(Lines give C-alpha, C1' and ligand atoms only; values in the text may rest on other atoms or scores of the structure.)
Protein backbone atom coordinates (compact mmCIF):
# COMPACT_ATOMS: atom_id res chain seq x y z
CA UNK A 1 0.00 0.00 0.00
CA UNK A 2 1.47 3.27 -1.11
CA UNK A 3 -0.72 5.93 0.29
CA UNK A 4 -3.63 6.56 2.57
CA UNK A 5 -6.82 5.95 0.56
CA UNK A 6 -9.74 8.36 0.49
CA UNK A 7 -11.78 5.83 2.44
CA UNK A 8 -9.13 5.67 5.17
CA UNK A 9 -8.78 9.46 5.18
CA UNK A 10 -12.53 9.87 5.60
CA UNK A 11 -12.52 7.44 8.50
CA UNK A 12 -9.67 9.33 10.14
CA UNK A 13 -11.46 12.65 9.79
CA UNK A 14 -14.77 11.33 11.10
CA UNK A 15 -13.23 9.59 14.10
CA UNK A 16 -11.00 12.53 14.97
CA UNK A 17 -13.91 14.97 14.94
CA UNK A 18 -15.98 12.52 16.95
CA UNK A 19 -13.18 12.32 19.52
CA UNK A 20 -13.07 16.10 19.65
CA UNK A 21 -16.78 16.24 20.43
CA UNK A 22 -16.46 13.53 23.08
CA UNK A 23 -13.68 15.50 24.79
CA UNK A 24 -15.55 18.79 24.48
CA UNK A 25 -12.76 20.36 22.45
CA UNK A 26 -13.04 23.63 20.56
CA UNK A 27 -14.02 23.42 16.88
CA UNK A 28 -11.36 21.44 15.05
CA UNK A 29 -9.84 21.45 11.59
CA UNK A 30 -8.51 18.13 10.29
CA UNK A 31 -6.18 17.78 7.30
CA UNK A 32 -5.14 14.37 5.97
CA UNK A 33 -2.20 14.36 3.55
CA UNK A 34 -0.83 11.51 1.47
CA UNK A 35 2.80 10.39 1.54
CA UNK A 36 3.70 13.16 -0.93
CA UNK A 37 2.28 15.89 1.30
CA UNK A 38 -0.83 16.45 -0.83
CA UNK A 39 -4.35 16.72 0.56
CA UNK A 40 -6.51 13.65 0.57
CA UNK A 41 -9.34 14.89 2.83
CA UNK A 42 -9.99 18.06 4.83
CA UNK A 43 -12.82 19.21 7.08
CA UNK A 44 -13.09 22.44 9.08
CA UNK A 45 -15.81 22.52 11.71
CA UNK A 46 -18.25 25.42 12.04
CA UNK A 47 -16.69 28.06 14.26
CA UNK A 48 -13.09 27.10 13.45
CA UNK A 49 -11.08 30.15 12.33
CA UNK A 50 -10.03 30.10 8.65
CA UNK A 51 -6.27 30.03 9.27
CA UNK A 52 -6.64 26.72 11.08
CA UNK A 53 -6.44 25.13 7.62
CA UNK A 54 -2.86 26.38 7.22
CA UNK A 55 -1.94 25.41 10.79
CA UNK A 56 -3.41 21.91 10.68
CA UNK A 57 -2.02 21.50 7.19
CA UNK A 58 1.39 22.72 8.35
CA UNK A 59 1.47 20.17 11.15
CA UNK A 60 0.74 17.34 8.74
CA UNK A 61 3.04 18.75 6.06
CA UNK A 62 6.05 18.94 8.34
CA UNK A 63 5.38 15.39 9.55
CA UNK A 64 5.26 13.85 6.13
CA UNK A 65 8.10 15.93 4.67
CA UNK A 66 10.47 15.12 7.55
CA UNK A 67 9.14 11.63 8.30
CA UNK A 68 8.78 12.80 11.90
CA UNK A 69 5.60 13.59 13.86
CA UNK A 70 4.95 17.03 15.35
CA UNK A 71 5.85 15.95 18.87
CA UNK A 72 9.16 14.55 17.67
CA UNK A 73 9.77 17.77 15.73
CA UNK A 74 9.09 19.83 18.86
CA UNK A 75 11.56 17.71 20.84
CA UNK A 76 14.14 18.12 18.11
CA UNK A 77 13.48 21.88 18.10
CA UNK A 78 14.09 22.01 21.85
CA UNK A 79 17.42 20.22 21.38
CA UNK A 80 18.48 21.89 18.16
CA UNK A 81 16.25 24.83 17.29
CA UNK A 82 18.25 25.93 14.27
CA UNK A 83 17.75 22.59 12.52
CA UNK A 84 13.96 22.77 12.64
CA UNK A 85 14.01 26.48 11.77
CA UNK A 86 16.24 25.85 8.78
CA UNK A 87 14.25 22.80 7.66
CA UNK A 88 11.09 24.91 7.83
CA UNK A 89 12.74 27.62 5.75
CA UNK A 90 13.86 25.07 3.18
CA UNK A 91 10.26 23.82 3.01
CA UNK A 92 8.90 27.31 2.36
CA UNK A 93 7.82 28.04 5.92
CA UNK A 94 4.91 25.64 5.65
CA UNK A 95 5.80 23.49 8.70
CA UNK A 96 4.11 23.90 12.09
CA UNK A 97 6.37 21.74 14.33
CA UNK A 98 4.12 21.12 17.36
CA UNK A 99 1.99 18.22 18.57
CA UNK A 100 -1.09 17.57 16.46
CA UNK A 101 0.83 16.48 13.39
CA UNK A 102 0.92 12.67 13.35
CA UNK A 103 2.35 10.24 10.80
CA UNK A 104 -0.01 7.59 9.45
CA UNK A 105 1.68 4.24 8.95
CA UNK A 106 0.75 0.89 7.50
CA UNK A 107 3.14 -1.29 9.45
CA UNK A 108 6.51 0.39 9.02
CA UNK A 109 5.56 2.34 5.95
CA UNK A 110 4.52 6.01 6.10
CA UNK A 111 1.36 6.38 4.01
CA UNK A 112 0.42 9.92 5.01
CA UNK A 113 -0.06 12.29 7.93
CA UNK A 114 -2.83 13.92 9.89
CA UNK A 115 -2.76 17.48 11.19
CA UNK A 116 -5.28 18.89 13.63
CA UNK A 117 -5.64 22.44 15.00
CA UNK A 118 -8.24 24.21 17.12
CA UNK A 119 -7.62 23.31 20.76
CA UNK A 120 -4.39 22.98 22.76
CA UNK A 121 -1.70 21.05 20.90
CA UNK A 122 -1.93 18.01 23.19
CA UNK A 123 -5.68 17.81 22.65
CA UNK A 124 -5.29 18.22 18.92
CA UNK A 125 -2.87 15.30 18.99
CA UNK A 126 -5.24 13.14 21.05
CA UNK A 127 -7.92 13.62 18.42
CA UNK A 128 -5.47 12.75 15.64
CA UNK A 129 -4.37 9.56 17.42
CA UNK A 130 -7.98 8.50 17.94
CA UNK A 131 -8.75 9.11 14.27
CA UNK A 132 -5.83 7.04 13.03
CA UNK A 133 -6.55 4.22 15.45
CA UNK A 134 -10.20 4.10 14.43
CA UNK A 135 -9.11 3.70 10.82
CA UNK A 136 -7.10 0.63 11.79
CA UNK A 137 -3.75 2.25 11.03
CA UNK A 138 -0.62 2.96 13.07
CA UNK A 139 0.20 6.44 14.38
CA UNK A 140 3.55 8.08 15.09
CA UNK A 141 3.19 11.41 16.94
CA UNK B 1 -26.79 32.08 6.88
CA UNK B 2 -23.35 33.48 6.53
CA UNK B 3 -21.26 30.80 5.04
CA UNK B 4 -21.58 27.29 3.81
CA UNK B 5 -21.64 25.00 6.85
CA UNK B 6 -19.55 21.86 7.20
CA UNK B 7 -22.73 19.79 6.90
CA UNK B 8 -23.62 21.50 3.62
CA UNK B 9 -20.06 21.18 2.37
CA UNK B 10 -20.03 17.45 3.14
CA UNK B 11 -23.30 17.00 1.29
CA UNK B 12 -21.90 18.85 -1.73
CA UNK B 13 -18.76 16.71 -1.78
CA UNK B 14 -20.65 13.43 -1.42
CA UNK B 15 -23.22 14.27 -4.09
CA UNK B 16 -20.61 15.60 -6.52
CA UNK B 17 -18.49 12.45 -6.21
CA UNK B 18 -21.60 10.30 -6.56
CA UNK B 19 -22.48 12.17 -9.75
CA UNK B 20 -18.98 11.60 -11.03
CA UNK B 21 -19.34 7.84 -10.49
CA UNK B 22 -22.78 7.82 -12.15
CA UNK B 23 -21.33 9.56 -15.21
CA UNK B 24 -18.25 7.34 -15.27
CA UNK B 25 -15.90 10.31 -14.90
CA UNK B 26 -12.20 10.06 -14.11
CA UNK B 27 -11.20 10.35 -10.44
CA UNK B 28 -12.30 13.74 -9.14
CA UNK B 29 -11.04 16.22 -6.58
CA UNK B 30 -13.63 18.42 -4.88
CA UNK B 31 -12.81 21.57 -2.91
CA UNK B 32 -15.49 23.54 -1.05
CA UNK B 33 -14.51 27.04 0.08
CA UNK B 34 -16.39 29.46 2.33
CA UNK B 35 -17.25 33.01 1.25
CA UNK B 36 -13.78 34.22 2.25
CA UNK B 37 -12.00 31.66 0.08
CA UNK B 38 -11.00 29.32 2.91
CA UNK B 39 -11.42 25.53 2.79
CA UNK B 40 -14.42 23.98 4.43
CA UNK B 41 -14.20 20.44 3.01
CA UNK B 42 -11.94 18.70 0.50
CA UNK B 43 -11.79 15.17 -0.88
CA UNK B 44 -9.48 13.76 -3.54
CA UNK B 45 -10.41 10.40 -4.98
CA UNK B 46 -7.97 7.52 -5.32
CA UNK B 47 -6.15 7.87 -8.61
CA UNK B 48 -6.55 11.66 -8.81
CA UNK B 49 -3.20 13.40 -9.37
CA UNK B 50 -1.96 15.54 -6.46
CA UNK B 51 -2.03 18.88 -8.30
CA UNK B 52 -5.75 18.50 -8.77
CA UNK B 53 -6.07 20.01 -5.30
CA UNK B 54 -4.57 23.28 -6.54
CA UNK B 55 -6.61 23.18 -9.76
CA UNK B 56 -9.94 22.44 -8.11
CA UNK B 57 -9.06 24.89 -5.36
CA UNK B 58 -8.11 27.54 -7.92
CA UNK B 59 -11.43 27.17 -9.69
CA UNK B 60 -13.29 27.71 -6.44
CA UNK B 61 -10.94 30.46 -5.29
CA UNK B 62 -11.36 32.54 -8.42
CA UNK B 63 -15.12 32.15 -8.20
CA UNK B 64 -15.40 33.38 -4.66
CA UNK B 65 -12.78 36.12 -4.99
CA UNK B 66 -14.35 37.62 -8.14
CA UNK B 67 -17.96 36.73 -7.32
CA UNK B 68 -18.10 35.07 -10.73
CA UNK B 69 -18.25 31.34 -11.63
CA UNK B 70 -15.57 29.69 -13.75
CA UNK B 71 -17.73 29.60 -16.85
CA UNK B 72 -18.43 33.32 -16.53
CA UNK B 73 -14.71 33.94 -16.01
CA UNK B 74 -13.91 31.96 -19.15
CA UNK B 75 -16.42 34.01 -21.14
CA UNK B 76 -14.94 37.22 -19.74
CA UNK B 77 -11.46 35.98 -20.64
CA UNK B 78 -12.57 35.31 -24.21
CA UNK B 79 -13.87 38.89 -24.45
CA UNK B 80 -11.08 40.60 -22.50
CA UNK B 81 -8.21 38.19 -21.90
CA UNK B 82 -5.92 40.71 -20.23
CA UNK B 83 -8.45 41.51 -17.51
CA UNK B 84 -8.68 37.91 -16.30
CA UNK B 85 -4.90 37.47 -16.66
CA UNK B 86 -4.24 40.60 -14.63
CA UNK B 87 -6.86 39.77 -12.02
CA UNK B 88 -5.22 36.39 -11.60
CA UNK B 89 -1.83 38.04 -11.17
CA UNK B 90 -3.25 40.41 -8.57
CA UNK B 91 -4.64 37.39 -6.71
CA UNK B 92 -1.28 35.65 -6.66
CA UNK B 93 -1.89 33.40 -9.64
CA UNK B 94 -4.22 31.18 -7.63
CA UNK B 95 -7.22 31.43 -10.02
CA UNK B 96 -8.10 28.73 -12.56
CA UNK B 97 -10.71 30.50 -14.74
CA UNK B 98 -12.48 27.59 -16.44
CA UNK B 99 -15.74 25.67 -15.91
CA UNK B 100 -15.81 23.57 -12.77
CA UNK B 101 -15.69 26.52 -10.38
CA UNK B 102 -19.24 27.24 -9.23
CA UNK B 103 -20.55 29.79 -6.75
CA UNK B 104 -22.74 28.44 -3.93
CA UNK B 105 -25.57 30.80 -3.07
CA UNK B 106 -28.25 30.98 -0.45
CA UNK B 107 -30.81 32.98 -2.41
CA UNK B 108 -28.86 35.98 -3.72
CA UNK B 109 -26.04 35.70 -1.24
CA UNK B 110 -22.72 34.02 -2.05
CA UNK B 111 -21.91 31.62 0.81
CA UNK B 112 -18.99 29.81 -0.81
CA UNK B 113 -17.80 28.08 -3.94
CA UNK B 114 -17.09 24.57 -5.21
CA UNK B 115 -14.21 23.65 -7.48
CA UNK B 116 -13.85 20.29 -9.18
CA UNK B 117 -11.04 18.95 -11.33
CA UNK B 118 -10.22 15.58 -12.85
CA UNK B 119 -12.26 15.14 -16.01
CA UNK B 120 -13.09 17.59 -18.82
CA UNK B 121 -14.12 21.02 -17.52
CA UNK B 122 -17.75 20.60 -18.59
CA UNK B 123 -17.95 17.29 -16.76
CA UNK B 124 -16.29 18.75 -13.68
CA UNK B 125 -18.91 21.50 -13.73
CA UNK B 126 -21.77 19.01 -14.08
CA UNK B 127 -20.58 17.22 -10.95
CA UNK B 128 -20.33 20.52 -9.07
CA UNK B 129 -23.84 21.56 -10.09
CA UNK B 130 -25.21 18.18 -9.00
CA UNK B 131 -23.47 18.49 -5.65
CA UNK B 132 -24.80 21.96 -4.94
CA UNK B 133 -28.32 21.02 -6.01
CA UNK B 134 -28.30 17.94 -3.78
CA UNK B 135 -27.39 20.17 -0.83
CA UNK B 136 -30.48 22.30 -1.49
CA UNK B 137 -28.47 25.37 -2.44
CA UNK B 138 -28.32 27.55 -5.55
CA UNK B 139 -25.45 27.32 -8.04
CA UNK B 140 -23.96 29.98 -10.35
CA UNK B 141 -21.51 28.45 -12.87
CA UNK C 1 1.26 69.38 -1.83
CA UNK C 2 2.92 66.01 -1.87
CA UNK C 3 0.21 63.49 -1.49
CA UNK C 4 -3.52 63.05 -1.37
CA UNK C 5 -4.67 63.77 2.20
CA UNK C 6 -6.96 61.50 4.16
CA UNK C 7 -9.66 64.15 3.91
CA UNK C 8 -9.36 64.23 0.13
CA UNK C 9 -9.28 60.45 -0.04
CA UNK C 10 -12.45 60.20 2.03
CA UNK C 11 -14.17 62.68 -0.25
CA UNK C 12 -13.13 60.69 -3.29
CA UNK C 13 -14.43 57.44 -1.81
CA UNK C 14 -17.75 58.96 -0.73
CA UNK C 15 -18.41 60.68 -4.05
CA UNK C 16 -17.39 57.63 -6.09
CA UNK C 17 -19.72 55.35 -4.17
CA UNK C 18 -22.49 57.94 -4.43
CA UNK C 19 -21.97 58.05 -8.21
CA UNK C 20 -22.15 54.28 -8.32
CA UNK C 21 -25.50 54.32 -6.55
CA UNK C 22 -26.83 57.07 -8.85
CA UNK C 23 -25.86 55.01 -11.90
CA UNK C 24 -27.26 51.79 -10.39
CA UNK C 25 -23.91 50.05 -10.59
CA UNK C 26 -23.08 46.75 -8.90
CA UNK C 27 -21.46 46.93 -5.44
CA UNK C 28 -18.14 48.76 -5.78
CA UNK C 29 -14.76 48.61 -4.10
CA UNK C 30 -12.76 51.86 -3.99
CA UNK C 31 -9.05 52.03 -3.20
CA UNK C 32 -7.23 55.37 -2.89
CA UNK C 33 -3.42 55.19 -2.93
CA UNK C 34 -0.90 57.94 -2.25
CA UNK C 35 1.90 58.88 -4.64
CA UNK C 36 4.04 56.03 -3.28
CA UNK C 37 1.39 53.41 -4.03
CA UNK C 38 0.33 52.96 -0.40
CA UNK C 39 -3.27 52.88 0.80
CA UNK C 40 -4.78 56.06 2.12
CA UNK C 41 -8.47 55.00 2.21
CA UNK C 42 -10.39 51.90 1.14
CA UNK C 43 -14.05 50.93 1.24
CA UNK C 44 -15.71 47.73 -0.07
CA UNK C 45 -19.49 47.84 -0.35
CA UNK C 46 -21.69 45.07 1.01
CA UNK C 47 -22.05 42.39 -1.65
CA UNK C 48 -18.72 43.16 -3.35
CA UNK C 49 -16.61 40.01 -3.71
CA UNK C 50 -13.45 39.94 -1.56
CA UNK C 51 -10.96 39.84 -4.45
CA UNK C 52 -12.24 43.19 -5.65
CA UNK C 53 -9.79 44.71 -3.16
CA UNK C 54 -6.85 43.29 -5.12
CA UNK C 55 -8.38 44.26 -8.46
CA UNK C 56 -9.27 47.83 -7.49
CA UNK C 57 -5.96 48.12 -5.71
CA UNK C 58 -4.13 46.77 -8.75
CA UNK C 59 -5.74 49.35 -11.01
CA UNK C 60 -4.62 52.16 -8.73
CA UNK C 61 -1.20 50.61 -8.12
CA UNK C 62 -0.36 50.33 -11.80
CA UNK C 63 -1.50 53.90 -12.36
CA UNK C 64 0.69 55.41 -9.67
CA UNK C 65 3.69 53.16 -10.34
CA UNK C 66 3.73 53.91 -14.08
CA UNK C 67 2.37 57.47 -13.88
CA UNK C 68 -0.25 56.38 -16.38
CA UNK C 69 -3.99 55.77 -15.86
CA UNK C 70 -5.60 52.40 -16.53
CA UNK C 71 -7.12 53.50 -19.82
CA UNK C 72 -3.74 54.72 -21.04
CA UNK C 73 -2.19 51.43 -19.88
CA UNK C 74 -4.80 49.48 -21.83
CA UNK C 75 -4.09 51.51 -24.96
CA UNK C 76 -0.39 50.94 -24.52
CA UNK C 77 -1.04 47.22 -24.03
CA UNK C 78 -2.99 47.11 -27.29
CA UNK C 79 -0.06 48.75 -29.11
CA UNK C 80 2.76 46.96 -27.28
CA UNK C 81 1.44 44.12 -25.15
CA UNK C 82 4.85 42.88 -24.06
CA UNK C 83 5.77 46.19 -22.46
CA UNK C 84 2.78 46.21 -20.13
CA UNK C 85 3.18 42.47 -19.43
CA UNK C 86 6.84 42.95 -18.55
CA UNK C 87 6.17 46.05 -16.47
CA UNK C 88 3.53 44.10 -14.56
CA UNK C 89 6.00 41.29 -13.98
CA UNK C 90 8.62 43.71 -12.74
CA UNK C 91 6.03 45.13 -10.34
CA UNK C 92 5.23 41.71 -8.91
CA UNK C 93 2.09 41.11 -10.95
CA UNK C 94 0.14 43.62 -8.90
CA UNK C 95 -1.02 45.79 -11.84
CA UNK C 96 -4.50 45.51 -13.36
CA UNK C 97 -4.09 47.59 -16.56
CA UNK C 98 -7.71 48.39 -17.45
CA UNK C 99 -10.02 51.42 -17.07
CA UNK C 100 -10.98 52.16 -13.51
CA UNK C 101 -7.48 53.11 -12.41
CA UNK C 102 -7.21 56.91 -12.48
CA UNK C 103 -4.37 59.23 -11.48
CA UNK C 104 -5.19 61.97 -8.98
CA UNK C 105 -3.42 65.24 -9.72
CA UNK C 106 -3.04 68.58 -8.07
CA UNK C 107 -2.34 70.68 -11.14
CA UNK C 108 0.43 68.82 -12.95
CA UNK C 109 1.59 66.87 -9.95
CA UNK C 110 0.50 63.27 -9.31
CA UNK C 111 -0.61 63.02 -5.68
CA UNK C 112 -2.13 59.53 -5.79
CA UNK C 113 -4.46 57.24 -7.69
CA UNK C 114 -7.94 55.77 -7.39
CA UNK C 115 -8.88 52.24 -8.39
CA UNK C 116 -12.44 50.98 -8.61
CA UNK C 117 -13.78 47.49 -9.37
CA UNK C 118 -17.20 45.88 -9.32
CA UNK C 119 -19.02 46.81 -12.53
CA UNK C 120 -17.81 47.03 -16.14
CA UNK C 121 -14.45 48.79 -16.46
CA UNK C 122 -15.95 51.88 -18.12
CA UNK C 123 -18.48 52.25 -15.32
CA UNK C 124 -15.81 51.76 -12.69
CA UNK C 125 -13.86 54.57 -14.35
CA UNK C 126 -16.89 56.87 -14.44
CA UNK C 127 -17.29 56.48 -10.69
CA UNK C 128 -13.58 57.19 -10.14
CA UNK C 129 -13.72 60.34 -12.26
CA UNK C 130 -16.79 61.57 -10.37
CA UNK C 131 -15.06 60.94 -7.07
CA UNK C 132 -11.92 62.83 -8.01
CA UNK C 133 -13.89 65.75 -9.46
CA UNK C 134 -16.04 66.01 -6.33
CA UNK C 135 -12.85 66.31 -4.26
CA UNK C 136 -11.78 69.29 -6.36
CA UNK C 137 -8.82 67.50 -7.88
CA UNK C 138 -7.75 66.68 -11.43
CA UNK C 139 -8.13 63.19 -12.92
CA UNK C 140 -6.10 61.39 -15.59
CA UNK C 141 -7.73 58.13 -16.72
CA UNK D 1 -25.24 38.67 10.61
CA UNK D 2 -22.44 37.16 8.66
CA UNK D 3 -19.75 39.71 8.41
CA UNK D 4 -19.05 43.22 9.51
CA UNK D 5 -20.95 45.54 7.17
CA UNK D 6 -19.42 48.58 5.52
CA UNK D 7 -21.56 50.80 7.72
CA UNK D 8 -20.23 49.09 10.84
CA UNK D 9 -16.69 49.22 9.53
CA UNK D 10 -16.98 52.94 8.86
CA UNK D 11 -18.28 53.51 12.36
CA UNK D 12 -15.39 51.55 13.82
CA UNK D 13 -12.83 53.53 11.82
CA UNK D 14 -14.35 56.91 12.69
CA UNK D 15 -14.65 56.16 16.41
CA UNK D 16 -11.16 54.65 16.62
CA UNK D 17 -9.58 57.70 14.98
CA UNK D 18 -11.63 59.99 17.19
CA UNK D 19 -10.37 58.11 20.24
CA UNK D 20 -6.83 58.50 18.98
CA UNK D 21 -7.27 62.26 18.73
CA UNK D 22 -8.85 62.42 22.19
CA UNK D 23 -5.86 60.57 23.65
CA UNK D 24 -3.38 62.65 21.69
CA UNK D 25 -1.94 59.58 19.95
CA UNK D 26 0.40 59.66 16.97
CA UNK D 27 -1.19 59.38 13.53
CA UNK D 28 -3.03 56.06 13.28
CA UNK D 29 -3.80 53.57 10.56
CA UNK D 30 -6.99 51.53 10.95
CA UNK D 31 -7.76 48.38 8.97
CA UNK D 32 -11.10 46.58 9.29
CA UNK D 33 -11.25 43.06 7.84
CA UNK D 34 -14.24 40.77 7.35
CA UNK D 35 -14.38 37.26 8.81
CA UNK D 36 -12.44 35.90 5.84
CA UNK D 37 -9.55 38.34 6.33
CA UNK D 38 -10.48 40.66 3.46
CA UNK D 39 -10.54 44.45 3.76
CA UNK D 40 -13.82 46.17 4.38
CA UNK D 41 -12.57 49.67 5.28
CA UNK D 42 -9.14 51.26 5.74
CA UNK D 43 -7.98 54.76 6.64
CA UNK D 44 -4.42 56.02 7.18
CA UNK D 45 -4.08 59.40 8.82
CA UNK D 46 -1.85 62.13 7.46
CA UNK D 47 1.64 61.64 8.84
CA UNK D 48 1.29 57.88 9.32
CA UNK D 49 4.12 55.97 7.65
CA UNK D 50 3.11 53.83 4.66
CA UNK D 51 4.08 50.47 6.16
CA UNK D 52 1.54 51.01 8.91
CA UNK D 53 -1.00 49.58 6.46
CA UNK D 54 0.80 46.23 6.51
CA UNK D 55 1.30 46.36 10.29
CA UNK D 56 -2.27 47.29 11.14
CA UNK D 57 -3.47 44.85 8.50
CA UNK D 58 -1.25 42.11 9.91
CA UNK D 59 -2.63 42.60 13.40
CA UNK D 60 -6.17 42.22 12.10
CA UNK D 61 -5.23 39.38 9.74
CA UNK D 62 -3.66 37.27 12.45
CA UNK D 63 -6.66 37.84 14.69
CA UNK D 64 -9.21 36.68 12.18
CA UNK D 65 -7.12 33.81 10.80
CA UNK D 66 -6.38 32.34 14.24
CA UNK D 67 -9.64 33.41 15.90
CA UNK D 68 -7.48 35.03 18.59
CA UNK D 69 -6.84 38.73 19.29
CA UNK D 70 -3.35 40.22 19.19
CA UNK D 71 -3.01 40.37 22.95
CA UNK D 72 -3.93 36.68 23.22
CA UNK D 73 -1.44 35.90 20.45
CA UNK D 74 1.27 37.79 22.32
CA UNK D 75 0.52 35.82 25.49
CA UNK D 76 0.60 32.57 23.52
CA UNK D 77 3.90 33.64 21.97
CA UNK D 78 5.37 34.28 25.40
CA UNK D 79 4.34 30.75 26.48
CA UNK D 80 5.16 28.95 23.22
CA UNK D 81 7.09 31.24 20.89
CA UNK D 82 7.65 28.65 18.19
CA UNK D 83 3.92 28.02 17.73
CA UNK D 84 3.16 31.64 16.88
CA UNK D 85 6.30 31.89 14.74
CA UNK D 86 5.37 28.77 12.83
CA UNK D 87 1.72 29.78 12.47
CA UNK D 88 2.89 33.09 11.04
CA UNK D 89 5.11 31.29 8.57
CA UNK D 90 2.26 29.02 7.52
CA UNK D 91 0.15 32.14 6.92
CA UNK D 92 2.78 33.70 4.69
CA UNK D 93 4.33 35.93 7.34
CA UNK D 94 1.36 38.28 7.25
CA UNK D 95 0.60 38.15 11.01
CA UNK D 96 1.68 40.84 13.48
CA UNK D 97 0.98 39.15 16.85
CA UNK D 98 0.85 42.11 19.25
CA UNK D 99 -1.90 44.20 20.89
CA UNK D 100 -3.86 46.35 18.51
CA UNK D 101 -5.43 43.44 16.62
CA UNK D 102 -8.93 42.91 18.03
CA UNK D 103 -11.66 40.47 17.00
CA UNK D 104 -15.06 41.97 16.21
CA UNK D 105 -17.91 39.78 17.40
CA UNK D 106 -21.65 39.78 17.10
CA UNK D 107 -22.46 37.85 20.26
CA UNK D 108 -20.27 34.74 20.07
CA UNK D 109 -19.68 34.93 16.35
CA UNK D 110 -16.53 36.44 14.85
CA UNK D 111 -17.61 38.85 12.09
CA UNK D 112 -14.25 40.48 11.43
CA UNK D 113 -11.25 42.11 13.05
CA UNK D 114 -9.73 45.55 13.52
CA UNK D 115 -6.04 46.30 13.40
CA UNK D 116 -4.49 49.60 14.42
CA UNK D 117 -0.89 50.78 14.26
CA UNK D 118 0.85 54.09 14.85
CA UNK D 119 1.36 54.55 18.58
CA UNK D 120 2.38 52.09 21.31
CA UNK D 121 0.60 48.73 21.01
CA UNK D 122 -1.48 49.30 24.13
CA UNK D 123 -2.65 52.66 22.82
CA UNK D 124 -3.42 51.17 19.42
CA UNK D 125 -5.53 48.56 21.17
CA UNK D 126 -7.37 51.18 23.24
CA UNK D 127 -8.39 52.95 20.04
CA UNK D 128 -9.54 49.68 18.49
CA UNK D 129 -11.64 48.79 21.52
CA UNK D 130 -13.23 52.25 21.50
CA UNK D 131 -14.06 51.92 17.84
CA UNK D 132 -15.70 48.53 18.20
CA UNK D 133 -17.66 49.61 21.25
CA UNK D 134 -18.92 52.72 19.48
CA UNK D 135 -20.22 50.52 16.67
CA UNK D 136 -22.25 48.52 19.18
CA UNK D 137 -20.28 45.34 18.68
CA UNK D 138 -18.27 43.09 21.01
CA UNK D 139 -14.47 43.15 21.09
CA UNK D 140 -11.97 40.39 21.94
CA UNK D 141 -8.42 41.76 22.28
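Letters A, B, C and D mark the chains as written, and numbering starts fresh at 1 in each.
FYI, contacts are C-beta pairs under 8 Å (C-beta built on N, C-alpha and C of every residue); 3 or more make two chains touch, one makes a residue touch a chain.
For each chain, UniProt lists the protein as follows: A, B, C, D = GlcG protein.
In this text, all values refer to a predicted model and were calculated from it rather than measured experimentally.
Asker: Going by C-alpha centroids, which chain is farthest from chain A (GlcG protein)? Tell me that one.
Answerer: Computed centres place C farthest from chain A (GlcG protein).
Asker: Hey, which pair has more contacts between C-betas, A-D or B-D?
Answerer: Between the chain pairs A-D and B-D, A-D carries more contacts.
Asker: Cα centroid separation between chain C (GlcG protein) and chain D (GlcG protein), in whole Å?
Answerer: 25
Asker: Centroid from C-alpha atoms only, then distance chain A (GlcG protein) to chain D (GlcG protein), rounded to Å. What do you get?
Answerer: 30
Asker: Could you give the separation in Å between the centres of chain B (GlcG protein) and chain D (GlcG protein), each centre being the mean of its C-alpha atoms?
Answerer: From the centre of chain B (GlcG protein) to the centre of chain D (GlcG protein) is 31 Å.
Asker: For chain D (GlcG protein), write out the residues touching at least two other chains, lowest number first.
Answerer: Each of 34-38 in chain D (GlcG protein) touches at least two other chains.
Asker: Help me check something: in the complex, which residues belonging to chain C (GlcG protein) touch chain D (GlcG protein)?
Answerer: Touch residues, chain C (GlcG protein) against chain D (GlcG protein): 5-6, 9-10, 34, 36, 38-46, 50-51, 53.
Asker: Can you list the chain D (GlcG protein) residues touching chain B (GlcG protein) in their complex?
Answerer: Interface residues on the chain D (GlcG protein) side: 1-3, 34-38, 109.
Asker: Okay, in this complex, where on chain D (GlcG protein) does chain A (GlcG protein) touch?
Answerer: These residues of chain D (GlcG protein) touch chain A (GlcG protein): 35-37, 62, 64-68, 80, 82-83, 86-87, 89-93, 110.
Asker: Quick check: in the complex, which residue numbers of chain C (GlcG protein) touch chain B (GlcG protein)?
Answerer: 48-52, 54-55, 57-58, 74, 77, 81, 88, 93-98, 121
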